[in-house]
Structure formats: C-alpha cells, structure tokens
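My structure is below; once you've seen it, I'll send some questions.
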Amino acid sequence: MRAVTFQGPRSVEVLGRAEPELQCHDDALIRVVASGICGSDLHIYHGRVPTARGFTLGHEYVGEVLAVGDAVRSVSVGERVLGTFATACGTCAGCRLGLYHHCHEARVFGLGPSGGSLPGTQAELALVPHADLTLRRAPDGLPDELALLAGDAMGTGYHAIAAAGIEPGETCAVVGLGPVGLCAATAAKAAGTAAVMAIDMVESRLEVARALGADVIHAGEEDALARVMDLTHGRGAHVTVEAVGSAGALETACRITRRGGTVSLVGVHVAPCRVDTGLIFRKGLRIVSGLANVVAHLDRVLAMMTAGVLDPGPIVTHELALADAPDAYEAFDRRETLKILLRP
Amino acid sequence: MRAVTFQGPRSVEVLGRAEPELQCHDDALIRVVASGICGSDLHIYHGRVPTARGFTLGHEYVGEVLAVGDAVRSVSVGERVLGTFATACGTCAGCRLGLYHHCHEARVFGLGPSGGSLPGTQAELALVPHADLTLRRAPDGLPDELALLAGDAMGTGYHAIAAAGIEPGETCAVVGLGPVGLCAATAAKAAGTAAVMAIDMVESRLEVARALGADVIHAGEEDALARVMDLTHGRGAHVTVEAVGSAGALETACRITRRGGTVSLVGVHVAPCRVDTGLIFRKGLRIVSGLANVVAHLDRVLAMMTAGVLDPGPIVTHELALADAPDAYEAFDRRETLKILLRP
Amino acid sequence: MRAVTFQGPRSVEVLGRAEPELQCHDDALIRVVASGICGSDLHIYHGRVPTARGFTLGHEYVGEVLAVGDAVRSVSVGERVLGTFATACGTCAGCRLGLYHHCHEARVFGLGPSGGSLPGTQAELALVPHADLTLRRAPDGLPDELALLAGDAMGTGYHAIAAAGIEPGETCAVVGLGPVGLCAATAAKAAGTAAVMAIDMVESRLEVARALGADVIHAGEEDALARVMDLTHGRGAHVTVEAVGSAGALETACRITRRGGTVSLVGVHVAPCRVDTGLIFRKGLRIVSGLANVVAHLDRVLAMMTAGVLDPGPIVTHELALADAPDAYEAFDRRETLKILLRP
Amino acid sequence: MRAVTFQGPRSVEVLGRAEPELQCHDDALIRVVASGICGSDLHIYHGRVPTARGFTLGHEYVGEVLAVGDAVRSVSVGERVLGTFATACGTCAGCRLGLYHHCHEARVFGLGPSGGSLPGTQAELALVPHADLTLRRAPDGLPDELALLAGDAMGTGYHAIAAAGIEPGETCAVVGLGPVGLCAATAAKAAGTAAVMAIDMVESRLEVARALGADVIHAGEEDALARVMDLTHGRGAHVTVEAVGSAGALETACRITRRGGTVSLVGVHVAPCRVDTGLIFRKGLRIVSGLANVVAHLDRVLAMMTAGVLDPGPIVTHELALADAPDAYEAFDRRETLKILLRP
C-alpha cells in the first residue's frame, strides 16, 4: 500500500509500505477514505519530534472497516468509521477514571517513538488498536471532511472549552486560528458564550473565524489586549484558549484573561519558556493543558455536528490526492491553507 | 399609588396603596415601568399560598430608580434597572457561599408571609431591599419586556439548565411550556445541546417552543416517551426540566430521562405526591430542585440576552395596563396567554 | 462445586453446581476465598426480586485467579484478587464517559435475570467477565474480610459521599446503619466532615457507628430531627445518606438535610412511595441515587483502606463456612449481624 | 495606639499611630487581641512590595469588637472575633459569584498601596471594612492562636486543597513547609488523602509536618522525585501544593505531579520565571493559583478546627509582645520560627 512517510526535516514522500494485519483481538483494519494534515504533524515535519525516517504520518481519518478482531463489538466490516488520534486501553488506572487521554498505554497514530510507534493514517490502510474505544461508526449524512475532524481537531476544540468549564454567558478568547483554534472558537460559540474573540495575524484565518461567528482581532494591526478589554467591559475573557504553543501566545493569553479566569492550553508546547508567574498569581488564573480526551468527547461532538450545532466545515479548505502530500505539507507549513484532506 | 392586590381565591383588584419609602441604607425605591405576571403568581391566585387580603402581588419588574439609601453603590437615581424576584442579604452563611437562593433572610416580592411579606411589584412604586444585589442596571437597548424576564423567568430557565450541569452535545427535554419552561428550552438550546424536546398539550405553547428551535411533542396526541426515545437513539434525555410542579409531570420527567441523567425541578411543588423512587433508583437519576440563584446568574443571563444568544421575546405575548390586571390574571389562568406585561 | 442457591422466599440451600469455565477472551475464573452477604441479597431472599430457583447468590468476594482469557492483562493466575459487584464492558457510551455504573451491558453477580443472570460468588468458584475492569489485585496486607468490602459495601459507602460532592468541613447524616450505611459513615468521617451523625434503632449498629467516630442518634429513643438540628447550629446536615431504601427513611433524610443540601440515596428502592416534593422544592434539595460507580472508585477506596484512612473492620461481625449459609441469611435478616463472611 | 510599622527593607518599628474610627455603615472597630506574622509579610519586609514608610503591617488577627457601624448585623460589640486577610465588598460582579477573592474592590490589610492601603492588624486597634463578610464570631473554646489562622494561613491551606479539587483516596505533595504549606498538609490529611508528602530542607519544619501526619522528604538529603514516585506506585502525586513562590519550587511541583494532576500555587509569585511548559503540556497538568477565597471557606475551616479535624496548633511556635516585633520579624526571616503571635 502507499503511505505518506517522514524522510527528514521538511521532507515527506509517498512510498510503498507493507499492508498492516490484525494482531490483537480488539484490533480493526480499515481502508482509509480520507486523512487530514494536522498542525501537530508540522512538529514532526520540522524535525522537532524524534521520528524514524520512513515512518508513516497522520492521525485524522475516516475509513471503511475491512476486518476486525473477534473481540470487537461496536463496529463491523463494511461500516464507515472515524477515529481518535490516540488509542486508549480502557482498563488502566487512567482509563478507569474515564481519563482516556491519560491512558498509561496510549499510542498516537503517526507520531513516532514518543507516540508508541503506531503507523499513521495518511495511507491506504491503517491498523487501529482497541477499536471499540478508538473507532466510532460515522453518522449517516456527515460528510467525510467533517467526520475526520471529530476525533482530532474538533474533539480538541471541544476539549479546550469543556476542560475550561466555560458557562453559558461567559466570554472566550482564542489565540491562534489554525484548525484547532478555529474549532475551539466554534465550540465556544456553540456553548452559549456571550462573545468569542478570535485573534491571529493571518487575514484568511480571521476570515474563517468571522464566518464562524467570532469577533476577530488582527493582532498585527490592533492592540489585542485593548480590544478584548473593550469587548468585555474592561474585565478580560473568562476563558482564553491558547492554540499556538508558544511563549508569546501564552503571555498574550494570560494578559487578556480576567481575574479568576482560565487559560486553556491546547497549543502543543515542547520546551520550557519564560512565563509571567507573578501575573498568573496576581490574577489567580487557572491553567488547563494537554492532549484532549477525545474518546470521552466523541459522542457529544458527533451529536453536535450531526445536529448542525457545530459546523467546522469552513475550516476544511483543501482536498488533495495522497500522492500530493509533499505539496500539501509545504502549503500548510506556509499557512496558505487550513485543513487539508488527503484522499488515497 | 395604585397596586394589584390579592382579594381572595381567583380575585385581584387594583387599589390605592401607601407609597413606600426608603427604610435601610441599602434600599432603593423604584418607579415601576413594567411588571410581569408569573406562573407562581397563580399559586397565590388559586389560594394555595397563604396571603393576606389586600397584599400587593408581582415579582418581575423593570423600573427607574427614584431614590437610594446611602450605602447603595451599584445603581443611581434615574437609571433604568431590573431586579430579581427575591432578595438576598449578601452576608449570611448561605450568601457567603454564593448561594443567594439559600439566603437565610431571603424575601420574595409579592408572595405574602411565606416570602417575608415584601410587597410586590405590580404597582406604581416598589421598595427594593439590598439593592446592590437585587437590582442591576438594565443594559441599553434591551427592551423592557425582555429585561424584566432576566431576574425571574429567564433567570430560572437558565438555572434549570445550569443546576443540571448540562454539557454541550447532550440532549434536553422540557415538560411544561409555560414561560419558565420555554425559557429553559431556549437556555438549553443556547447551551449547545444536540436536541431540545419541548412537551406540552397546549398548541400555542408548542408553537412558541418550535419558534425557539425545539422539537415539539404534543403530549395529548403523541406518546411522549416514545418520541423522546426516538429522538435520543433509545436512551432518553440527558436532562429533563420539570416546569409544571405536579406528580404527573415529575413521573413523565423520570421516565423520559436516561440512566444517570438529571431531572431539574423548577415547577413549584407545594405538597407531597407519589413518586416512583424504584424507577429513580434503578436509573440512578439525579434530581435538582428549588428556586433559582438568579442573583448569581443575572450577569450571564443579561450578557446572553444582550448578545442575542438568548431571546425569550416570543414568550411575551401580551402587554396591558396595570388597571387591566384582573382580566390579565383570568386570561393567564386559562392558559390563553404566555407572559403578560402590566404597564402602570 | 458447591454454591449458595436461592430456593424461594426466605430459603437458600447449599448445593452442587457445575464448575464454570472461561467463555470470553477477557474472562477470569477465580477460586473464591471469601464471599459476603449483602443487604441487597435480602431483597432476593425476601422474594422481592425475580430470581430463578437454584440460582447462585452473592456479589462480594475475594478470590484467587485460576485461569484468565488471553486478553486479560491486569491480573494473573495465582494472584489474590477482589472484585466489584457488577461488571462493566468498558466500551459502551456509558463506560466511555467513565460512568461504569451506567454500562449498557452491566451485569450484577447473583441477582438473577434483572442482573443479567450472572451466577453469584457465594460459591467455590466464580466466572468473572471483563476481568480487567471487574477485578483488581488485592493489596498485600489487606485482610480478606476488608478486601471483599472494597468492591461493594465500602465502594458504595464511598460513592454515597463522593456522588454527593461533600466538602471538608461540611456535616453528614446517615439514616440506616447496615453495612452500607456504616461504610458511608466511615467514608464521611474520612473525608474531613466536621460531624457525622449516624441514625438507626438497633443498639448494636449504633455501637459500631460510635466506634467509627460518629455521633449516634437512636431514632427510637430520641427525636432525630431535633438532635441533628442541635448538632448543626439549627441548619441540618449538608449531606444525608439514605441507606435504607424506604419511604420513611427518605422522608427523614429530607427533613434533616439543610436548605440547598443533598440527599444521597444508596438504600435500594424498588417501588413507588409518597414523597414530600413540596418540602424538597422549598428546601431546594438535590437528590443523587442509584448503584455505585465502584469500578471508578476502587483504586481510591483501596488506597484509603491500605493507608488505614478507611477502616470498615468493625462492620464485619461474623465469619462462617459456606455450608452455614442458610443460618447466616436468617441471622442477617433478623439484624443480629452486620457483615457476614462465608468461607468455602 | 501602638503599631508595627514598615521602615524600609528589613526594618520594622513599633510606633504610636492615630486611633482608627468608624467610617462606613458596615465598618467594625476592633481591639486586637493577637496578630500573626505571615510569610507574605516577608515580601514587604524584604522590600519587594512597594509600601510606604510608616505603614502598619499585619493581616492575621483575633480581636474584640469595640464598635460597629449601624449596618453591621453579624457581630456585636464585646464579641471575640476573627477575620480574613482581605476584605470583600459582597456586591461586585466577582462577589456576586461567591468569588470573594476576586472582589473588584478587595483590600488587603497591611499590604500598602497594592492592597488598597488598608492599615494592618499588628496594632492595638484595627478598622475592619465590610465587617459582615470580613469578620466572624470566634467559636467558644477555640484559642486565639488557632482562631487567627482561620482567616489567613489555615484558610489558605484549605483553599490550596479545595481549589485543586482533591478527592478522598488521592495523594498530595506539599513543596515548602512554612505555615501555609503546613496548613495545606494538614488540610490534605484531613480531606482523606491516602498519603501526604511534605517536602522542605529545614529539619524543624519537617518535624512539624511529621507531627501533622505527613510523610516527610528532606529535599537537601533525598531525591524528592524518587521518593514521591516510590510513595505513589511510580505515578506521582495527584495534587501538589507549591507553597514557596519560586521557579525552583514550581519546577519540582510539576515534576512530582502525576499525568493529569494538579499543581496548586499558593506560594506568592511576584515575577516572571522560566517554566517547563513542554513538561506541563505533555503531562496535561492543571495549575490553579492565587489568593484564597477565605471568606467563602471560613465557616468550613472553623467547623473543622472546632471539631478537631484540623489542628494547626503545632504551627504556632512563638508568642511575643507587640513591642518585640522587630526581633520577631528577624527570627521569622531566618526561618528559626514558624508562626509567631504578637500580643498588643
């Protein structure tokens, strides 16, 4: 089968790979119908995450079930399914609390050794462990390009809001309008916020945020702090989603959040940075962070997408053939696109 | 001044009353601009709540501040204000936890002795104790008929949802589509639910629910349980708001709620009734009940109304002169109206 | 093998039964080392729960693993294990939220058809489905008689407190001092309550509650309401655990709970009863109910028992041979004992 | 009257000051019976907080009410009272949510301009604004030296645990064993944790922690991370309280906390520092921070102290005359003491 493989910093190649086979009772084998390129794939692409040369990338996907282990009960051969970016065993001490994102044996598709060396989904076929938790039947009528967001970008956007515990009538700011930031903005909007303030410096991304109903702030042309204060009666946002993963974005997030508010850190931080802990303490901020509990959120996210309450459609801007992956990565890296779908 | 007074079961009269005067440092005196008639007023009207003959009714109101005690800081003479149906002292053990609806010294406007004998707001003037907690400046642009809902029907509808802890993507059923039930339905819709199922037997009320975006169920013509199961993949609603206050409504609520779900009891129960505790236990239901913490919710409710996220406008169906109160009570009692405004 | 079997109302018999065998990949087969008799077994014993004649009873147990299916990873042959009273599949929509007590396919050991016809553990051998969730390795040093409480009575007592969301410094009352009530009392004490008030009419049970650190109230000799008010500065308990499952106990619980407080219903209700919903509404009570999420609680309960923070030791009053089960049921039914262990 | 005044870095002096007088309806005037020296006083003492020369220090206190404004209802002349370190207005948008520590008009006793220039309580008399929220009648039988901790060190220790949402059966580590850290350790112990691990490098402080029931770790002689892992089955603490306010303590806290755990930041941070946000993200940590909501916690803290569930007695190591304040500050600064009481 053909797969998108990592070949070194800023280099991916579509190559032939051995077809995966069922290994455990709860595995499923799927034919990938569409796979997405995610912002976190860029961390690998940039060489910041140790990954073996030749490793298959990707962790957003919709597929068709080709085979299942004999313990799999929730999906069947022939069904269209979508999945989560990471697996969960369902029985460790983390999972037993419903905290699947803290599964002691979690593996992330297409991330390399730090993700448990689980081959990615930007390929013709994919092996999916713990299928009963990792996969879900795709709701009829939900198009592939939306379905594949549920277990990754949209699930993470939902998590950014849910983990922050936002209440209807509160306000939300989002710093960084890549796909995850935009998904967080649309999730915040759906959750009954009185205002969603979306902050970035790329006009096309601000445009999508505006289409999703947010008040947009161009951080290169406006004073983001002043605008947020203006939109929140001088108090700041109740919740700020930091969807970049940089020291600067985190600092902005802390500044625009109100006293007693929450900063929800879904941008992937990989290294130490200088943080104004004095400001955090004085304001009594709360910070929530880390990967999303998409296994737990998935049913709710799908229910919202099916009902049209969440519509991340405008976030998917490009659809390409798997063979075009090298160009796709380049374009996404230049921020010329939002979500790109690859069709095998 | 003129005021709507209780004269006995099913009898109210508009009579002259002494003008109220400031008594405490934190009192405010307001000229009432509009007052509403609420479902709970009918409990008095029907003679089910002990109330002195001649007592002034009403607890939904918008007004203009005429005078304030010297400790009042948050509202000023001349401002348009709205208020909550009950007062809170702000300093007892209940209030000190932010549970203003459990204030040990709470008084309810227009309820009689059980509400602390605080004269109501269906009058030309009203004295408002603890004005800094009980009143709020009315947002510019928010019309009177919506503003007066914030501290009562809409605040209670918000509470019904908030107290139940509903999450975006869950489903909500509402049993009983009087103004509070409809407010709960619109609050549930705003909170990102995947479905809101509104149940009643009065066609005009179902019509309003439909306008607010709910799936409506005519309990007299359809099997409500079957419809709810159909709309929830056979599971039942995550949260059911019981907005009637009867044994039958409570039983329906318990039946249509899923295992582990929540019944939010905002319909005013005044007496014991037979309850299927076996069903409640088997399903592991959670029941939340009682008056709403509108003091705490008010800022969020107003933010949502101002932003247009909550629009209970369709609930206000009639506007009459204060002098027409007797007719208004009769019509409301016959369920011919939803919310009626009285203009002094 | 020999097993305690239901023979009709108030009649159990120890008979020979076929030895169970592994059926699924995630099953375990255990040799039962000790099994308990639980208050809910009495519902069957009294004939109030439909159960086939000859069905094996019991759901509290400690055992030794004899065999495991090839998907079982967390326990091994030869290990001493303890288990939960019910199974959870780990992958349904309920389990995926960590709500194992709302598993759509849950089965309860020894309960008959309404529990999924899973043979009980008052036997020499038991088959345990979904072993990775249902079983846990017994901590070294924790004696059998305490270990078998963790997944049932003690897990339920912990749940009664946890589901109520009690905060350190609040007060707790417990109505009904069978094993579960006493476990709730000791869990409440461990959770930092300022007072635990234990209510019953059996002196020996009050004695155990006193030993666990509770203030005891003999409901037959004292006015329970007056005593609770006296011990809570006239406010009532923040949380009341109803551990009986009767209309009277529920009414007492509602009366002694403070405004805005919580009634935690762990007594098994099986039928409708008259409830003072007016009182519940006026006080704004919250009611939580149903079977306990012992799968989720088990690690914490075991950590507390191992650390000596929870010590339900005084609750275990008798240890008998499996063959003595008929006498044991009779004695327990007469309330002459608290927890009885049966040793095969 | 005489008062402890700030005279510049590392210099305090006891001088005569004008007697305070009632200014507002809700003020109280108290005769100070005892006042404590707090770790946060050292920030002023070291010159790190801008404070006017001659300003009166101190914010922990027990006193007797000399006079009250005519709006004060909860305390009376002649009563023994204790108070919180900061005031809350009770009516701003922060207070209306019960978040008194986010009062928009909060003032801190004895902190200088950044605390609203409210003179401190290390004096013979003190003026207490918003007395109904700031003061509480001291429970009979609770000695002065414990009572004065309730509204500051012990209230903060309770908050450190409560804000982290620790559950009975979880584990807690405390980094830094000054009075607040020790109060957090005793609060964690009281809350039903399976283990409390107390970390410092001062032997006398470790000694007190041991007396409070904690497992102690001498960070200068042992590998704290290894010890915590050893005590938590290799997982790390569920909650770590950082009670120092330094980059190093925060880093230690993040390292010893388990995946998905919480760092509760009660050590006062005043400046930016380098933080391993990569570690925080990878582990999915949650950070809660800031001053404590002592107004809300006070009733519960007092209930626990009165019941003996919380006993911070061992933390109070010295009692001196007000006149000895200069020596007291020096000794506390050298970490030779824990809590020092000053008696006017």
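Read from first to last, the chains carry the letters A, B, C and D; within each, the first residue is number 1.
One rule holds for everything that comes next: contacts are C-beta pairs under 8 Å (C-beta built on N, C-alpha and C of every residue); 3 or more make two chains touch, one makes a residue touch a chain.
These numbers were taken from a predicted model, which means no experiment stands behind them.
A.B. asks: In this assembly, which chains make contact with subunit A and also with subunit B?
C.D. replies: Touching subunit A as well as subunit B, we find C, D.
A.B. asks: Could you let me know which interface, B-D or B-C, is made of more C-beta pairs in contact?
C.D. replies: B-C
A.B. asks: Between subunit B and subunit D, what distance separates the C-alpha centroids? Give it in angstrom.
C.D. replies: Here subunit B and subunit D have centroids separated by 41 Å.
A.B. asks: For subunit B, what residues touch not just one other chain but two or more?
C.D. replies: Residues 93, 99, 299 of subunit B each touch two or more of the other chains.
A.B. asks: If you connect every pair of chains that touch, what shape comes out? Choose line, ring, star, complete or other.
C.D. replies: complete
A.B. asks: For subunit C, which residues count as touching subunit A in their complex?
C.D. replies: Per the touch definition, subunit C meets subunit A at residues 24-26, 70-71, 73-74, 90-93, 95-100, 132-133, 295-296, 298-299.
A.B. asks: Subunit A touches which residues of subunit B in the complex?
C.D. replies: Residues 158, 161-162, 167-171, 187, 190-195, 297, 299-301, 303-304, 306-307, 309-310.
A.B. asks: How about subunit C: which of its residues touch subunit B in the complex?
C.D. replies: Touch residues, subunit C against subunit B: 93-94, 99, 101-102, 235, 245, 247, 250, 259-260, 265, 268-291.
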